[in-house]
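These are the structures, in structure tokens.
There are two complexes below, and they share chain A, which is joined by chain B in the first and by chain C in the second.
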Partner chain A sequence: MENINKNISELHDLLVNKKVTSEELIKESIAKCHEIQEKTNSFVMILDDAKPTDVTDSLLSGIPYGMKDNFSTKGIVTTGSSNSLKDYVPFFDATVIKKLKEAGAVGVTKTVLDEFGMGCTGTTGHTGIVHNPWSYKRSASGSSSGSAASVACGVYPFALGSDTGDSIRKPAAYTGIVGYKPTYGMVSRYGLFPYASSLDTVGCLTRSVEDAAIVVDAIKGIDENDMTSWDSSDIKLKENLDGEVKGKKLFYIKEICDISNYANPSDELKEHLDNFKKTVELCKSLGMGVEEVNVDKTLLNALPPTYVVVSYAEATSNMSNLTGISFGPRGEGDNVMDMIKDHRTKGFSPLIKRRFVIGSYVLQSENQEKYFLNAKRVRRLIVNKMNELFNKYDALILPVGSGPAKYLDENMNIYNGENNVLEEHLQIGNYGGYPSITIPNGFVSKLPVGVNITGKVKDDINVLNIAYALESKMDYKNQLAREVE
Partner chain B sequence: MEYKVVIGLEFHCEMKSHTKVFSRGLNGYNKTPNSNIDPIDMAFPGTLPVLNKECVKKSIMMASILNCKIPEYMTFDRKNYFYPDLPKGYQLTQFFNPVGTNGYIDIDVNGTNKRVFVHDIHLEEDAASLDHYYNTSTIDYNRAGVPLLELVTEPCINSADEAIAFLEQVRNIYQYTDISECDSKKGQIRCDVNVSIMNENDTELGTKVEVKNVNSFANIRETINYEIKRQSELKSSGRYNEVIQETRRYDDESGTTIHMRSKVDAIDYKYFTEPNIPRFKISEELVNEIKNNIPMLANDRKAKYISEYSLSEYDASVLVKDKKVSDYFEECISYGCNPKSACNWITTRLLGELNKNEISIDEVYIKPNMINELVQLVENKKISSDQAKKVFTYMLEENITPLEIVKKYEMEVIEDSGLIESLVNEVISENEKAISDYKNGRTNMLDYLVGQVMNKSKGKANPSEAKNKMLEKLS
Partner chain C sequence: MSNFTKEMINNYADKLLIGLTSEEEEMIQSEFDQIEKNMNLINEIPDISKVEPLSFPFEVTLTDLRSDEDASEEIPIDILLQNCDSYEGREVEVPKVVG
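Right after this comes the complex of A and B.
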């Protein structure tokens, strides 16, 4: 009988009642990982020698999970899905890895990401393209591509992810699962390979809101190694999941959700927005108020370019440690500067080189005021606007993306101009460090789509509760991927 | 022809602290390369900076001593450039918002007061150190992340003498506050020297030449004097256009400066604020607490020595010039030693010995408790002051304590009045002529006679006792 596709509480009960052992679960998980690897290419590595752990009071004890390959794992190759670190073996564990070890969870895979978390297609990792398990012709999105695809396949109940613009929440939507990005600083980033430090957030991908709460309960907490982390010991996520949402006030943004904003909407877009409306109605049926709010289009249109400037600038600096001098493959050259150049030329994919060039350009002293500092100002304006709305409302609800997962042969980095904001609005969550969760809310063209709930800083309990209540009214809890085309 | 000289200094000094400024790596000299390191010192992926409170407090202390404006928030910035000694590919520094700005400090230049204006002082991290061999180079990360304070003056210094007086004063403060040892022998100081010249009545500054990384006060003086001479010669001969805005380096062997790069090659450091260190509120309470804990500086100690210990202005100045000497002196006092006696031993004998042997006061065998022992021996009349001088010499030569010396050389003063009396009688019987001369009014013969008694006792007789006995017998 298959156990590994069950959720965390069910697995914990089986383990405690000795219906199954940790060893059996891990064996089953690893076998299933090998099974899906050929078609999805989710893994940089499957840890065949993963050891079972004792079953304790900890809900995660004995249970296998997936590690996005940008978390430093002691003694295990960690690549960031980049040639620049293809054989790098860290000598320390990321704080989240350490915490999960302490909770008894067993990492069984290193999952593929878009190189260093940059990108949203699952196509730039050094081990090749990740395929969406619902349709292998489609992208699983990214950058937590392997984590999303593998959780959707039911090889374990959860995987770690990181989210700088939407890297947890978007792949979750496109693979029909739950993706949760907690408030910035709730989970330590120590040991996470950085992309853009002011936006990077550690979170998880699961198949239920409850599992997301359990995982983040285990990995959150103040960390003396991360000055941006804060004490959340009084926040107990799982304990507070009661589905009590009556009287909560939600809002959505008209300029994003209304079909009239799009001159030539595709059928898929229409279907997607209609489906979103149904979810809004569902919210109302749960006793929540949902209001349509207008936000200045100029501000919304500034979301994607602001992201480009802020995140690429931080990225170009964050990745300046990758020189091949003290770790990573040593470059060739007659002098050390040429060796660094060679390492970086060979180590990075064209996409992130492009981002480095842009990041460097916007930081140059003659451009800094015009691009970088203005982008930071726009970020502040967006956050101010959102904070103002969060004073009135409990949460923001929006559809994720413009439809289902894209075909891998489409040029996925260039969106239809008018869909830009629809595709990129999840960045709001990173600008303000807001808690944000995506859950599946139906199908478009037989493929899963998602809805996102974002709330005010440190109000994770509320955000999860709204998602939890919605999830209970829909049929997609514990949803597993099935090939549909 | 003499021109007006304008100098600005950027003085980098390694701070003293338990750990590094952004990591748990130890901040201390270690001769084994790559042993004082934490993962962040080598910039392994995923490591994050954690700011050292001790360094923050010390930097605020220095900013207050320099009368700087202290900002409301403390922030750090990344200075981005590639170099093999810079593991992260950026240096954490304070570019936009230094811990201190717009300060000043009054210094004494050969007896004249001068106010030097401080543009800013900021806290930053040092890079790793590189060693180059024939066909290979090595990197030692022990120094990576060591805290540095960089003090930037306004271009308001007008001679090498002023520059050195300023730096000596700053070094003195660093040492008295324990912020830094400021030891050039340990490579703890580096100075970028900016020099330009102009006609006395010009309103616009001349072309600024920067000489980077000069690493001792002596070299800073030479750098300044060489640049003044080089620029003046060019200006005098009508070739001032050959003085260009450039970065040079000081060459130790030739005592000259050499071109490194011109302004057009200047690096764009693409500064931006470090997102991993949340801005930190510098409260008024914190600043006041730090100000109240500023240790007594040299001038305060000097005043105390004069008023409380009745030392002369000159002696007090000598004692406070080097904090280690001043600390040594105060340790003597803490044992109950008479301040004047301690001061005399230190200023007349000990410092001379240190100079002669080119060692510092903590390297000499004689410790404050021994100075006290010596002073006590004299005060308790166990030895004479002449003997004390010998004891001091023996201490240096034989590395044994005053008490051990007195024992070894049987120096203890003879207090036994019977013994002294018999010696006096002996001298009287052997010096009839001298005695009659004395009685005929040659009173200076008394010293001669007492001297004879001292000789007979091998210098051990209590001299005043010998004199009293002699007077008694002669009357």
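Right after this comes the complex of A and C.
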């Protein structure tokens, strides 16, 4: 009988009642990981020698999970899915890895990401493309691609992710699972390979809101190694999941959700937005108020370029330690600078080089005011607007992306020039550090689509509760991927 | 005709010690005008220069200063050198820097 596709509480009960052992669960998980690897390519590595742990009061004890391969794992190769670190073995555990070890959870995989988290297609990792388990012809999105695909396949109940623009929440939508990005700083970033430090957030991918609450309860907390972390000991996520949402006030943004804003909308987009309206109606049936709010289009249109400027600029700085001198494959050259340049030239893929060139451009002295500082000014305007709305409303509800997962094709990484706010609005959550969760809310073209709930800073309990209440009235809790095309 | 020559693109890359292949140069050059056009949407917001830039999502206040007596854990050099492709004894080896 298959156990590993159950949720955390069910697995814990089985372990406590000795219906299954940690060793058996890990064995089952690893066998299933090998089964899905050929078709999904979710893993940089499967840890065949993962050891069982004692079953304790901790809900995560004895349970296997997946580690996105940008979290440092002591003594285990951690690549960031980049050739520039293909053999790098960290000498310490990231704080989240350490906390999960303390909770008794067992990491069994290192999952593929878009190189250093800098992508949204799951196609730029150095070990190849991640395929969506619902349709191997489609992308699992990114950058937490392998984490999302493997959780959707039911090889374990949860995996770690990181989210700089939507890297947890979008892959979750495209694979039909739950993706939770907590408030910025609630979970330590120590040991996470940085992409854009003012936006990077650690979170998880699961198949239920309750599991997401359990995981973040275990990994959150102040950390002296991360100066942006804060004390959240008074926030108990799982304990406060009660589904009591009557009287909550939600809003959505008309300019993003109204089909009339889109010229020649595809059938998938129409269906996706119709499905979103059904979720809005469901919110109302649960006693929540949902209002349509207008936000200035000029400000909304500046959302995606603000992300481009801020994150790419921060990335150029964060990646400057990748020299191949004290770690990473040594480059060739007659002097140190040539060696570093050779290492970086060979180590980075074309797509992140593109991001670096843009980051370099916006940081040129003649461009700093016009692009870098103005983008940070727009960030303030967006955050001010959202904070103003969060004073009036409990949460923002929006559809994720413009439909289901996209087909994998050779053009998917070519910059198409679109400035699509519907595809990029989850970045709002990173600009303001807001708690934000995606849950599945239906199907378009037989493939899963998602809805996102975002709330005010440190109000994670409220955001999770709204998602929990909605999830309980829909049929997608603990959903597993099944091949549909 | 692009506003960005290959020399300009290579210069931006070179400042980060990154080299580009001719395919990478062409890809970036073909996209750069549109990328810049979209980046300029930022500048369409009226009076944007009067707004104070926001660097972090919200203010994070550090209230605890570490005591001078707290010794931080030292990592043995041999462990740090395990990821280094070229070293001698306790030192990273590189070509001669000073003549």
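One rule holds for everything that comes next: the second predicted complex is superposed on the first by the 477 of 485 C-alpha atoms of A that agree within 3 Å, B and C clash if a C-alpha of one lies under 4 Å from a C-alpha of the other, contacts with A are read in each partner's own complex, and residues count from 1 in each chain.
The rule we apply is simple: a contact is a pair of C-beta atoms (placed from the backbone, for glycine too) under 8 Å apart; a residue touches a chain by one contact, two chains touch by 3 or more.
Being a predicted model, the structure only gives us computed values, none of them experimental.
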Query raised in the report: Is A:Phe193 in contact with chain B, with chain C, with both, or with neither (first, second, both, neither)?
Result: first
Report task. Would you sort A:Val16 into first (chain B), second (chain C), both or neither based on which partner it touches? Result -> neither
**Report entry** Touching partner for A:Val293 - first (chain B), second (chain C), both, neither
**Finding:** neither
Requested in this report: Specify the partner with more touching residues on chain A, choosing between chain B and chain C.
Outcome: C
**Report entry** Touching partner for A:Gly80 - first (chain B), second (chain C), both, neither
**Finding:** first
Query raised in the report: So, A:Glu224: does it touch chain B (first), chain C (second), both, or neither?
Result: both
Query raised in the report: Given the touch rule stated above, what does A:Gln368 touch, chain B (first), chain C (second), both, or neither?
Result: first
Requested in this report: Have a look at where A:Asn301 lands relative to chain B and chain C in the superposition and call it first, second, both or neither.
Outcome: second
Report task. Check whether A:Ile129 is in contact with chain B, with chain C, with both or with neither, and answer first, second, both or neither. Result -> neither
Query raised in the report: Does the superposition put A:Ser326 against chain B (first), chain C (second), both, or neither?
Result: both
Query raised in the report: Across the two complexes, what residues of chain A are contacted by chain B and by chain C?
Result: 88, 91-92, 198, 224, 227-228, 316, 320, 325-327, 336-337, 340, 360, 364
Report summary line: In their shared complex, chain C is touched by residues of chain A numbered 87-89, 91-92, 184-185, 198-199, 224, 227-228, 230, 298-299, 301-302, 304-306, 308-309, 316, 320, 324-330, 333-337, 339-342, 344-345, 348, 350, 353-354, 356-362, 364, 369-371, 373-381, 383, 414-415, 417, 419, 430-434, 457
**Report entry** Touch list for chain B against partner chain A, complex
**Finding:** 39, 42-51, 78, 80, 82, 84, 87-90, 137, 139, 141, 268, 270-272, 275-278
Query raised in the report: What part of chain C is in contact with chain A in the complex they form?
Result: 9, 12-21, 23-24, 27-28, 31-32, 34-35, 37-46, 48-49, 51-58, 60, 62, 66, 75, 79-86, 92, 94-95, 97
**Report entry** Contacting residues of chain A [partner chain B, same complex]
**Finding:** 71-72, 78, 80, 85, 88, 90-92, 94, 189-194, 196-198, 224-228, 313-314, 316-317, 319-323, 325-327, 336-337, 340, 360, 363-365, 368, 372
